[in-house]
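Read the structure below first, then the notes.
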Amino acid sequence: MSEITKVDIITRPSKIEDLKVALNEIGITGMTFSNVLGCGLQKGKTEYYRGTEYSIDLLPKARLEIVVCEVPVDLVVETAKKVLRTGEIGDGKIFIYPVQSVIKIRTGEEGVKAL
Amino acid sequence: MDDIKIVMDTIWVLFATALVFFMQAGFAMVETGFTRAKNAGNIIMKNLMDFSVGSLMFWVIGYGLMYGADSFGGLVGKPGFFFSGDYTSLIFQTVFCATAATIVSGSMAERTKFISYLCYSFCISVFIYPIAGHWIWGGGWLSSLSIGGATGFVDFAGSTVVHFVGGMCALVGAAIIGPRIGKYTKEGKSNAIPGHSITLGALGVFILWFGWFGFNPGSQLAASSLDDAYAIGKIFVTTNLAAAVAALVTMIITWIRYKKPDVSMTLNGALAGLVAITAGCAAVSPVGAALIGAIAGTVIVFGIEFVDKVLKIDDPVGAIGVHGICGAVGTLLVGLFSESTGLLYGHGVGQLAIQAIGVLAVGAWVLTTAFVVFKLIDKTIGLRVSKEEELIGLDLEEHGMESYADFELRGIQVR
Amino acid sequence: MDDIKIVMDTIWVLFATALVFFMQAGFAMVETGFTRAKNAGNIIMKNLMDFSVGSLMFWVIGYGLMYGADSFGGLVGKPGFFFSGDYTSLIFQTVFCATAATIVSGSMAERTKFISYLCYSFCISVFIYPIAGHWIWGGGWLSSLSIGGATGFVDFAGSTVVHFVGGMCALVGAAIIGPRIGKYTKEGKSNAIPGHSITLGALGVFILWFGWFGFNPGSQLAASSLDDAYAIGKIFVTTNLAAAVAALVTMIITWIRYKKPDVSMTLNGALAGLVAITAGCAAVSPVGAALIGAIAGTVIVFGIEFVDKVLKIDDPVGAIGVHGICGAVGTLLVGLFSESTGLLYGHGVGQLAIQAIGVLAVGAWVLTTAFVVFKLIDKTIGLRVSKEEELIGLDLEEHGMESYADFELRGIQVR
Amino acid sequence: MDDIKIVMDTIWVLFATALVFFMQAGFAMVETGFTRAKNAGNIIMKNLMDFSVGSLMFWVIGYGLMYGADSFGGLVGKPGFFFSGDYTSLIFQTVFCATAATIVSGSMAERTKFISYLCYSFCISVFIYPIAGHWIWGGGWLSSLSIGGATGFVDFAGSTVVHFVGGMCALVGAAIIGPRIGKYTKEGKSNAIPGHSITLGALGVFILWFGWFGFNPGSQLAASSLDDAYAIGKIFVTTNLAAAVAALVTMIITWIRYKKPDVSMTLNGALAGLVAITAGCAAVSPVGAALIGAIAGTVIVFGIEFVDKVLKIDDPVGAIGVHGICGAVGTLLVGLFSESTGLLYGHGVGQLAIQAIGVLAVGAWVLTTAFVVFKLIDKTIGLRVSKEEELIGLDLEEHGMESYADFELRGIQVR
Amino acid sequence: MSEITKVDIITRPSKIEDLKVALNEIGITGMTFSNVLGCGLQKGKTEYYRGTEYSIDLLPKARLEIVVCEVPVDLVVETAKKVLRTGEIGDGKIFIYPVQSVIKIRTGEEGVKAL
Amino acid sequence: MSEITKVDIITRPSKIEDLKVALNEIGITGMTFSNVLGCGLQKGKTEYYRGTEYSIDLLPKARLEIVVCEVPVDLVVETAKKVLRTGEIGDGKIFIYPVQSVIKIRTGEEGVKAL
């Protein structure tokens, strides 16, 4: 049995549509998206609200999680990089985690078959 | 006794003024509700400011241009500055001018620079609206045009003066500034960009409908004779019927065309009926009003689709369809449905011809001047925000704030 | 001079008409605010459409049935179609009819098929409301009923004609359609299903309260004599006091019963007071009004609990309690508090008896006809959406859209 | 004939009453929109209840104190209980009293115990407002004060009676209760705590502006002579111009000071103009009104900053600046801009001196009584909720509910 | 020390209440819920907005994360399957991840005791 | 190459600001925040809505995820404990997970350099 891995991509929300299409093209169908707030190298900015200065430190980011097995992780990472890289701060990061097992609730299938 | 009559007229007009003023809230809610949360505060600010700039400038110069003694062969009134005199008339006309002005913010929403919008507001209040208004309401050439037995362009409460003028500005502005990012695919297919609060949009429509009970009956400008009483009662009925029937018809058409009754389009439908009946509210019968409503409710659906899919002009709130197209249609229909001069009542095509000439003339005036104004702004300070600003949203970029600071917004929009 | 009087009456009634129309916005906001976000657009659409259908049909036939020359022994007016004549009266009565119609959308919210709701709207505007209205306001049998020295059912502005009629339809509709999924546990325990925007709900209540200053004082139908002036001033006071005291009392009772002052129930309390004072606003003193408010504010809490926990009828916005129960209670209380005919002022039980007969008769009429209407709809096109549609929400399923496209909604609801 | 005049006056005042009542909705929306979602229902409830308590108590005792026969040398009216008589006047004055009362809820928002707020509401309606009102409108000492040729404090519609009184209570309350948790850093730097819905806040401002067309022109208290007609028309114009110019000026100043035009401050700017013109709306020319608006639009920016950064009083909605500071400024400016008595029209400093004395006297009265009231409440039942309650939010803690049950709220607030 | 594992369940939001009750019954008290958007086999649909066709691709899903140790993972999975399986598309998936350690902030306890 | 680890902190939303500042001070710059709903030992409460009793079982919590490598996990945990511990129920928990790899999209760097 080949290893199962989770690829966790944190990036700009506006890129999510393109990313989804690109991943569909390499055969990935199951994906889970969520909204997060990030702080990293990209800095927020300072604004005024009713005369009071305040800074926006956390930026809205989108997270995409994909658990893969047969599709090689490298391909996923390469695809994501291709779509997401602008060269400017805020492109985001990819984290890769080990997965022990997957179960498809509807069928009860486990492991690779469940993906 | 005559004093009493003047007082009664005054009360009536001021009652109507308050209601028409309140339409500003309606526009603000419709426009913000039908656009995205990230631009909500910006739209509000534009609505507030076009009213403020308009109130100031119409007093400073606009009212004089519109109602000053006719000069240059009916083309413009002799202006005076800082009008003082019949204040009741001034304030009533001010809220009408502001209504015309505010229409544009909807069609150019979510991408127009704030400063540029202020410049446009200045121009419409200072000459685009007052001069068109002079032609029709100020004693200008259209008001005395006579064809085939009929005399005078009929635009009782402003289908053309207010709505068509505003709608044509909206058309020119939206065409010149171009569509929002993501509105059309590379192949030119239209994408849906849903509004952020249908409830606020609907509230806006109810407020506008309410305000229209000032807009139309108030344009009688008098409530002191039996004729006035009869007229304003009837205007309430025609106004209401046209809106109700239009909403109903729009709902039915969208149900057939899109499989499901479309909420935001139906809300537009009610407004379409209101705009269309505005010119003829005093001249048509309730049956005529219902028919005008039915026509407006039909026209709006195809009109909005036409603007969106054929002209490919991105009008987030449907302002061009509602105010421009239905303003023109409603004006023309007076030529058919007017009980005293309409074609369908056997009075020949004279009125219809006058109506057509009026619409064409005002259209030409507004298209030309608005084109010059928007192009000038575009070439100098620039009409449009940067791509980056548009993506992040005008609230943050132009005003440094979020309109819904406590709510999680959807960052991810996949379509 | 007499002309002036007619004009003044007209101005007054039309002012009131505009305010009563605006209550549609109030209902839309209350009903949408007190229900869930996934059905917000659907509720709005129902409110818009019952007004549109009602406006059209009441003009086509309803007004004639209600105010046509009395026939069949006071049971119904002689109908005419496409009413033309006293337009001021028509439009004023139209907005009242629409008020009655719109009450039901609240009690049947979040589960009723849109098409079925339209059918119901048609029926209430076409005969349920006009016929009950004829009995009381149209010169029908209740208006001339005479018992023990008192003559005529007193329902000045429509606690019964409008609110009780609407509330009884709401009761029948909600009972027949059954509760929303998840409203009751298997053991029959009631669950809370919180509304999605208390701020919009509260805005709706303020709008309704505002509109009631047209509803009640406008029902004087005249403002041209000293008596009128005194009457409408007093009606403003009684209307306002009843609402204020009712809100206060409801708040206190909920504070005691539920440990904390309940916001949405208190908002209902204000409406309860307004509904209850509607019948007697012209007949009672300010003290009487305060007491009627206090009674309504008490009744509403127990009434809503009774409907919810004993009858186990799911009424998301409390429409049955507010309009049905308090409409009846307010009507009956005229028999006690009327300064000229009330029991507490030593005038015997005549008025009270007439009031009771009127409420019972109208109740019987509405329960019967509404039962037939809703059952017929249920058996033919079906009243209720599918389970799947209800879970996902009517906005998406019935209208293909989301009302709050930019906001993250809570998918997870654990209670 | 005279009857007709009385009826016309009545109609006018009641029309105005309805509009002023509707300002309650405006206040509710502004205050809830400018504060956080977790306290939205609580603010609403406070607004609803101060109106309810105020309506009841002003009828029970307040009106008598304010308008009863002058006693104690102009200090207070001879009270009667449960007023009956000129109901039109009662209801008109009631909505003014409620306006003054509701101002405080904004400045003390998000941290005040509900029960304590009710106690305060009781006090302002029962004596703080009526007694100040008696001095100025009830025939008390200020109304007959005579200095250097000028006679009588001029506060046509209540810049001082209503707004300054409310604003001073707001100041005292906010100062005593202290800032919200997180409003100031340990070093005393002010933090921004953004409101949860700028759209609702803006809607509130539009509603208030609309209501002001009742507030100011209604204070003419008559609409039956040619003079009345002229006056109310002019008041519409001055009121509108002051608001428009103030909004414009505030926008420009914030643009310069904060780099971007500030939306919520500009909304405050419009209100600042309205408050400031209230005293002199009948006495100044349109030019004067525009200047008063410009001054108010300037003062509000620095005023709000002063309260926030120098006094370090946490006023979430800017109530102290808008109603307190601009109420005083507007009152004083009558002494400059009044066409008949103002310094700038060559009439000497008499009027200005009277205005200053009035403002000082009312200020002293309100600061003292409000201080005693709030301190008493603080020492007995306590003014402020616990830290825990404040963090979680008053909706849940004081009312057991959430205002936006279907929306994901931002738990995380990093600044 | 027995192994610590994270069970991550993605399913229909409307089932969450039942799931929570069922898990409580088998002795699980600590749980973390979040809203996500998913795309998998279950397809979105096409609607019209103001005359323009658009498709809804991402469906709202609920995620439940449970870190378990003493309660056997199999029991958790079985319970979840029992509650969630309708046999129709959209039942969701279960992902199982390894956990290195857990700390309870209040007491400072680590590992199994922290659960 | 030293091991990469993910530290997942679930705690009170009101503490997040302090936590962020404290973590910045020990040299952590990249962080991802999200809103979750939690149930644990801390109990919800029972309220009335329009006369109907209902209980609030899930409490809003904030999650902070930090992937670290050079900064020792222990230091992160200690810092978090210091900031978050009040000793009262609801302080929250810290979960530690293994990470296989990290990629910085903008530069393409992998592993430690990507952090």
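Going in written order, the chains are labelled A, B, C, D, E and F, and every chain counts its residues from 1.
Assume a contact is a pair of C-beta atoms (placed from the backbone, for glycine too) under 8 Å apart; a residue touches a chain by one contact, two chains touch by 3 or more.
Every value quoted in this text rests on a predicted model; they were computed, and no experiment measured them.
Looking at subunit B and subunit D, the chains in contact with each of them are A, C. With centres set at the average Cα position, the gap from subunit D to subunit F is 45 Å.
Centroids of subunit C and subunit D (each the mean of its C-alpha atoms) stand 33 Å apart. Subunit A and subunit C have Cα centroids separated by 52 Å.
Shared interface positions of subunit B, i.e. residues touching 2 or more other chains, are given as 1, 4, 8, 11, 15, 194, 197, 203, 258-260, 262, 264, 400-401, 404, 407-410, 412, 414-415. Of all residues in subunit E, those that touch two or more other chains are 20, 33-35, 37, 47-49, 57-58, 61, 97-98. Looking at which chains touch one another, you get A-B, A-D, A-E, A-F, B-C, B-D, B-E, C-D, C-E, C-F, D-F, E-F. On the side of subunit A, the complex with subunit E involves touching residues 6, 20, 29-34, 67, 97-106, 108, 114.
Residues of subunit B that touch subunit D in their complex: 1, 3-4, 6-8, 10-11, 14-15, 17-18, 21-22, 24-25, 28-29, 32, 40-42, 44-45, 47-49, 51-53, 55-56, 59, 82-84, 86-88, 90-91, 94, 114, 197, 200, 203, 395, 398-408. Those residues of subunit B lying in contact with subunit E across their complex are 190-192, 194, 254, 257-260, 262, 264-265, 268, 301, 304-305, 308-309, 318, 412, 414-415. Note for the complex: subunit C touches subunit D at residues 1, 4-5, 8, 11-12, 15, 19, 36-38, 194-199, 202-203, 205-207, 209-210, 213-214, 217, 223-226, 228-230, 232-234, 236-237, 240-241, 243-245, 247-248, 251, 258-264, 266-267, 270, 285-287, 290, 404, 407-410.
By the touch rule above, subunit F contacts subunit C in their complex via residues 37, 47-55, 57-58.
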